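What follows are several structures.
Two complexes follow with chain A in common, the first pairing it with chain B and the second with chain C.
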Partner chain A sequence: MRNSIRLCAFALAILAAAPAKTCLAQAAPRMPGELAWTIGYDPKTFDPAIVDDQESEQVRYLTAGVLLRFNRLTQKVEPELAETWSVSANGRTLTFRLRLGLQFSDGSSLTARDAAWSIRRVLLPSTHAPVAEEFVSPGEVTVETPDARTVIVHLPKRVVGIGKVFDEIAIEPAGRPSQGRITSGPFFVSDYHRSLYVRLRRNPHFYARDAAGVELPYASGVRLDVLENPEQEIRLFLRGAYDVIDDLPPDYFELLRRKDPSTVRDLGPSLNTEQMWFNQAPDAPIPAWEKAWFRNRAFRIAVSQAVHRADLARIAYEGHATPAYSFISPANSIWYNRSLSAPHTDVAAAKAELAAAGFHLSGSVLEDAAGHTVKFSILTNAGNAARLKMATLIQQDLAALGMQVTVVTMDFPALVERLMHTQDYEACLLGLENVDPDPNTMMNIWLSSSPNHQWDPSEKEPATAWEAEIDRLMNEQAGALMSSERKQAVDRVQQIVADQQPFIYLVYPNVLVAVSPRLQGVQPAVLEPALTWNVEDLRLREAR
Partner chain B sequence: MKLRPSAAWLLAVTILAAAIVLARPGASYSHQDRAEPLAAASTLHPAGTDALGRDRLTRVAAALLLSLVGATAAAAVTTLAAAGVGTLAAFAPASIGWPAMLLCDVFLALPWMFLLLMVRSALPLTTSPANSAAITFLVLAALGWPACARAVYRGALSLKRSAWMLHAHAAGLRGRQIVRYVLPNLIPLLLPQFLICVPTFVIAEANLGALGLGIGEPLPSWGGMLLELDNSAMLLQTRWVYFPVALLIAVLLLLEAVAVEA
Partner chain C sequence: MTAGAAVLQWLGRTIAIVLLVMAGSTVLVRFAPGYLSDAREMDARYADAAHAELSQEAARSRSLPHMLSAEISGWARGDAGISREYGVPVSALILPRLAVTGGLLLRSILLAWTLALSASLLTTAGRNPSPFWQTPATLLLAIPTAAMATLCLLANSGGPVLVMALLLAARDFKFLHRALRTAWLDPHVLQARAQGLRARQVLRAHVLPAIAPQLAALASLSIMTALSAIVPVEVIFDVPGLGQLAWNAALNRDLPVLLAVTMIMALAVVIGGMTPDRPPEWKSV
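Up next, the complex of A and B:
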């Protein structure tokens, strides 16, 4: 009997371990007029120049004064600390004119010298600033300050979307980098308790005013609690301890909706995509006939036509995803190709496509012209419930064509090893997170020579004519001076991808958020930070 | 109070019920009723459906039978291997017996979770769900025998030193006759070992499945169904999500009751 009790206790321990990890973090007391929300982990750094993780990026966004701000709602670059800015006709010289009377949060003056110093600092190799890469040749960039309000940046060659790069360069006091303690943005870092919270205070010298001339930001500060547990976050949100929740998983969105429907918002498709692809690498250690299937356009089209994307969105994401047919989401209003023609769900057409390509059914099993049974595995990462559900749904969808599919989950390092090094896989289902709407940031995926060209990485020469055309078009859009030329090239790339299906796009997960009814001024945007991009305009109802 | 007969009967009834559920016309553990994900209990789905609209009762019944068949087979392999190695180590010369027991100790010292991870990641990706189930239980059997072999070794050693064995040797018992006479005397030791191994392997498979390393979809497994409990939002949607774990605990208790009183 003692063994039974021990076993029972063990089973209960499994039960207890199954739900999400508990977290002991407690919300710190809220100061008057202070906004509060959570971050998933401690920011790695408060130095705005070397930010390379999401939570540090959030602190930088809230504290950094920047010359130009990329408006998350309009998706356009707007002047911030710069009153005006211009780009020369050849795209190699940028001129910024600073606003009059700018000050840092400690009251000291902000001049062109500070701006130039901050730009030079991120360009220095010793700083290791991730943003430096976006200048393509950062070592050859020069910065000059003809007067106290003018900054001129000379680029060795034109960089597409250069304005947006300045959204990531915080202007700090020259020679006095302060880890976010002295800033020119709406807030500055006042207090940090590891694993508990980061407290930001209002910058009393921030330049912005509202239409009535009231100094911005409205909020007296922001408290960012370090909290990983979504259940606890939801509980505290419902109690009023937090004002917003960004990036809600679909199941927690539904949980919150049942408790308080007025707080949750589905903002529609995000920029992110979930897709599957077949391994077309010539050196992949898989049978030659499988490579022949995967390189066969008709095979890929048939698979794409057999997938019921609406079911994936409805079942795997509880309806909070949008069927996807392109690498650019409809949320990316500027770059999405609205006249795209892509294969939609049509099982009969898929069967006809396969028959025309020499595949035939032997009983209920699909075979190729040489009699090989069509069976393959779909690899995805363990621990992602939505992806496992999608793979299992696709398994049944493809069974309708006679394909035998096994679903394999693998921990991420093992999966990456197969994708990037051994190439030992047949099909893979993963997602791609896009933080930047500009398709230029996807060059590393579409150029055939890139190691991230997943279906056939690092091609010495484009393996097919359509891959060569994608290479040409992507290079063309990167060098085009007119935005209409860029748009035309990117539209054509979208159409080629839809015609060839090297990636079979499945869904765009929706952006799901929660906003406290007490919070005013929120203008939700699809781009991150979805709810706090206009943090200076946010205030609690009872605040001034 | 003797629990064993009642536990054995209850276990038999549970297995029979699971078999009947699976034999129902139209019962399928993999069919996705996409119009009914996470449905409540109904006449069509007596225990509701899972997140993909698959009948939960059928999946639980299939997982129960699969798990019991796999764990029983693995326990049999383990017990036989343990009987062989333990007896050999006890009766063979020290030059064989000592390395055999050393091998046991080495196996016991292996980080088995790491080994399982390695074995699973080395399997061909196209391994069918049925084969992945067989391999999972085979690996559990391969890793489970040393502890059992140690117990058998002790038992066989005491048999070797027993008075009747000395008499038998004196009466001319030959080496090959040892197996014939000794093994039946080890059955009281082997049977509990076998019965203890069954629930151990059931729970081991459930743990592996909960880590995403067990039996592949769409074949149901305890571990795969326990994964549903990792989502507290789902726990609030339907209480039937607790059904697999409740049945798993009940079956484990019954197996333990049978094993303890053996």
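Up next, the complex of A and C:
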């Protein structure tokens, strides 16, 4: 038996060694001066023209040289590869003057021909570039290059916020699209191991220099590890394997705060909203009386008044959210309507509103005028702890009105099918991510004809007078020349939405991030990418 | 039955199982809620691209027999198709992950067997089964794999190999201990020990040969147990293997990937089952 004892000791030694090894298996070795953080899944493409998912977009942001960059901190469009740019008085001609001596990462020259080719490429229908849509009529846009440094873009009609569109158009070598291998941005794709990591290397020919004349970017590269599990991400972050964590869920933020409070930052309300809405689609396979409740403004107002938003922020988001009453967050200082009048929490007023609309209590149960018990389900996606907590709290709040609410969670594809195709749901609780502060990007939500007009998608014509007014105002702001006219129209839309409550806004989740103490140059912004928008200025303390 | 006929019978059975797996997976995924939807539909920036892809998929999957025959003929040509989620050939997704999962399984099974065998040898030598070994094994069997993995993650200690190995070792230990103890107490082994034969010689000459068929059957059982645990373990520890791929494919209704993974799993189970008949007392496991 001595041998077996030895064997056992050997096994225990392996047992002790195995965990240590496997814990670190995910992190690839870091190169000197290299930054590292995670992405949730493999980028679908490295071709900057056809990016249609968030992680590919992140790679594009880090690698693409663009004519103009939308500064995430100042929220202003700034020249990047273009030294100067101008828009004609009628808003239909844009002229870009390129910087002198621009080069691609392989050392070849970057001229107006490359810029024109890249713009034309995204406009071609065969490219299927999502950004082409933002030109409204991409087929009618023409691009000319009078000389090697000038690019002129002619638009068939004025496009609101056209400058920001060029933030998404990567300038690539003419006729040589390279899947991010040859770029004019701060980094280029050097190595990709599917499901493991994407490695970006510093572009030695990037045009930018700091105030002291030092070439940017400072970092020798960026490694983006493909990692889905936030617990694993936090564990590796605490070990120094990662430098930043963008977009932390509140529970993980608190977990990290308890372990290392110096690393976490709450940047205040984001542009994103969390809201619930009732299904008002006429073809929805739900009982007619339920449709009648959901189309009843008083019913929606009463529900809105019964919800304790401060509790949602405090409990579901552990204090890292702000009560919401509008689709525009206070973080969006330009467009937020400060004089908005919206229904606030008032359970007595909610009961009175329901009574006036013909609802009555039968014991502790609310019934409509025809005697139907008011009960419905709130659908939300599985796997989002904060949303599930909110739904449960709302269930409790509405019980005070006598409404019987059940909470139903489903995985995202099944939920999308219900929302977008079958309309087989009663109420839904979801969030909306706003990547751009300009309300023009929300046209797809507010136009009644849009498939993303969630409470009643793809209306053939506006179902109500207030929806018709929103249509008119949103179109008006999109064509207005004066920003004051646009602001006026958007303020009015915010007020209509507050009055009608098609979406019952709940909270603006705060932007929660974590930054390694070793990382220098971070200037957190509310807009994405919150921590890495100025990636060329980021560096590790040891490097350089 | 001749050897050739036996091989033919095995091949026929394997092909039938694989075809059943293909048909079952296709039906389940095709009729799963959300098969013809895409989260990108909710995002104005990507909605058009999503709608275009969904239209193509709707046209392709209109008829189930057509879908099945397309999948089978694709596989017959050695083409596993293109992933719906990633837009790359399924083989490009599977092959690197196959090595990761294979390595994880191999290390886990080896560690589990080393542990189980060591513990069994120690307890077999004693007069009665030691609660020192029995209790932890029973406890480990009672804890769900996902819970054990999450505990390791929260405790910032342990990894996928440890979790898989503990799960397998706990199960293997129960069987190994029973088999070894029975063999250890056989009259001829008792006789050999009484005559002064050393423990090592008794084990090598009498005990291990006697339990060899059980060991082979236990090996196949280990493979099947490990396969059933691979999905939660890989997902929780973010191991880029087949289990994680299968999970993502299921969440994203990625039929070509799911088909490939389930077929690999089915083949592994079929091959794992090519061992001598299990003893009657293990058949309930």
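Heads up, the rule we're going with is that the second predicted complex is superposed on the first by the 519 of 544 C-alpha atoms of A that agree within 3 Å, B and C clash if a C-alpha of one lies under 4 Å from a C-alpha of the other, contacts with A are read in each partner's own complex, and residues count from 1 in each chain.
Just so we're on the same page, contacts are C-beta pairs under 8 Å (C-beta built on N, C-alpha and C of every residue); 3 or more make two chains touch, one makes a residue touch a chain.
Quick caveat: nothing in here was measured; it's all calculated off a predicted structure.
S.K.: Which partner does A:396 reach: the first (chain B), the second (chain C), both, or neither?
M.R.: Touch partner of A:396: chain B, not chain C.
S.K.: Would you check which partner chain A:231 touches, where first means chain B only, second means chain C only, and both and neither mean what they say?
M.R.: Both: A:231 reaches chain B and chain C.
S.K.: Going by the contact rule set out at the top, does A:414 touch chain B (first), chain C (second), both, or neither?
M.R.: In the superposition, A:414 contacts both chain B and chain C.
S.K.: With both complexes overlaid on chain A, does A:130 touch chain B (first), chain C (second), both or neither?
M.R.: Second partner only, chain C.
S.K.: For A:348, is the partner it touches chain B (first), chain C (second), both, or none of the two (neither)?
M.R.: Neither partner.
S.K.: Quick check for you: in the superposed arrangement, does A:42 touch first (chain B), second (chain C), both or neither?
M.R.: Touch partner of A:42: chain C, not chain B.
S.K.: Does chain B (first) or chain C (second) touch A:482, or do both, or does neither?
M.R.: neither
S.K.: Let me test your reading of the model: by the given contact rule, A:212 touches which partner, first (chain B), second (chain C), both or neither?
M.R.: In the superposition, A:212 touches no partner, neither chain B nor chain C.
S.K.: Is A:194 contacted by the first partner chain B, the second partner chain C, both or neither?
M.R.: Touch partner of A:194: chain C, not chain B.
S.K.: Kindly list the residues of chain A that each of chain B and chain C touches, one partner per complex.
M.R.: Comparing the two interfaces on chain A, one with chain B and one with chain C, the shared residues are 1, 3-4, 7-8, 10-11, 14-15, 18-19, 231, 410-411, 414.
S.K.: Show me the residue ranges of chain A that touch chain C in the complex, using the header's touch definition.
M.R.: Those residues of chain A that touch chain C are 1, 3-5, 7-8, 10-11, 14-15, 18-19, 21-23, 25-26, 41-42, 44-45, 52-53, 128, 130, 133, 193-196, 226-229, 231-232, 235, 410-421, 430, 433, 435, 441, 443-445, 451-452.
S.K.: Touching residues of chain A toward chain B in the complex: what are they?
M.R.: It comes out as residues 1, 3-4, 7-8, 10-11, 14-15, 18-20, 231, 249, 251-252, 254-255, 258, 308, 311, 314-315, 375-377, 379, 382-383, 385, 388-389, 391-393, 395-396, 406-411, 414, 424-426.
S.K.: Can you list the residues on chain B that touch chain A in the complex?
M.R.: 3, 30, 32, 34, 37, 51-53, 117, 121, 125-129, 199, 203, 206-207, 210-213, 216-218, 226-227, 229-237, 245, 248-249, 252-253, 256-257, 259-260
S.K.: Which positions of chain C touch chain A when the two form their complex?
M.R.: Touching chain A from chain C are residues 32-50, 52, 86-87, 92-93, 96-97, 107, 111, 114-115, 117-119, 121-122, 125, 150, 152-154, 156-162, 165, 199-200, 235-240, 244-245, 248, 251-253.
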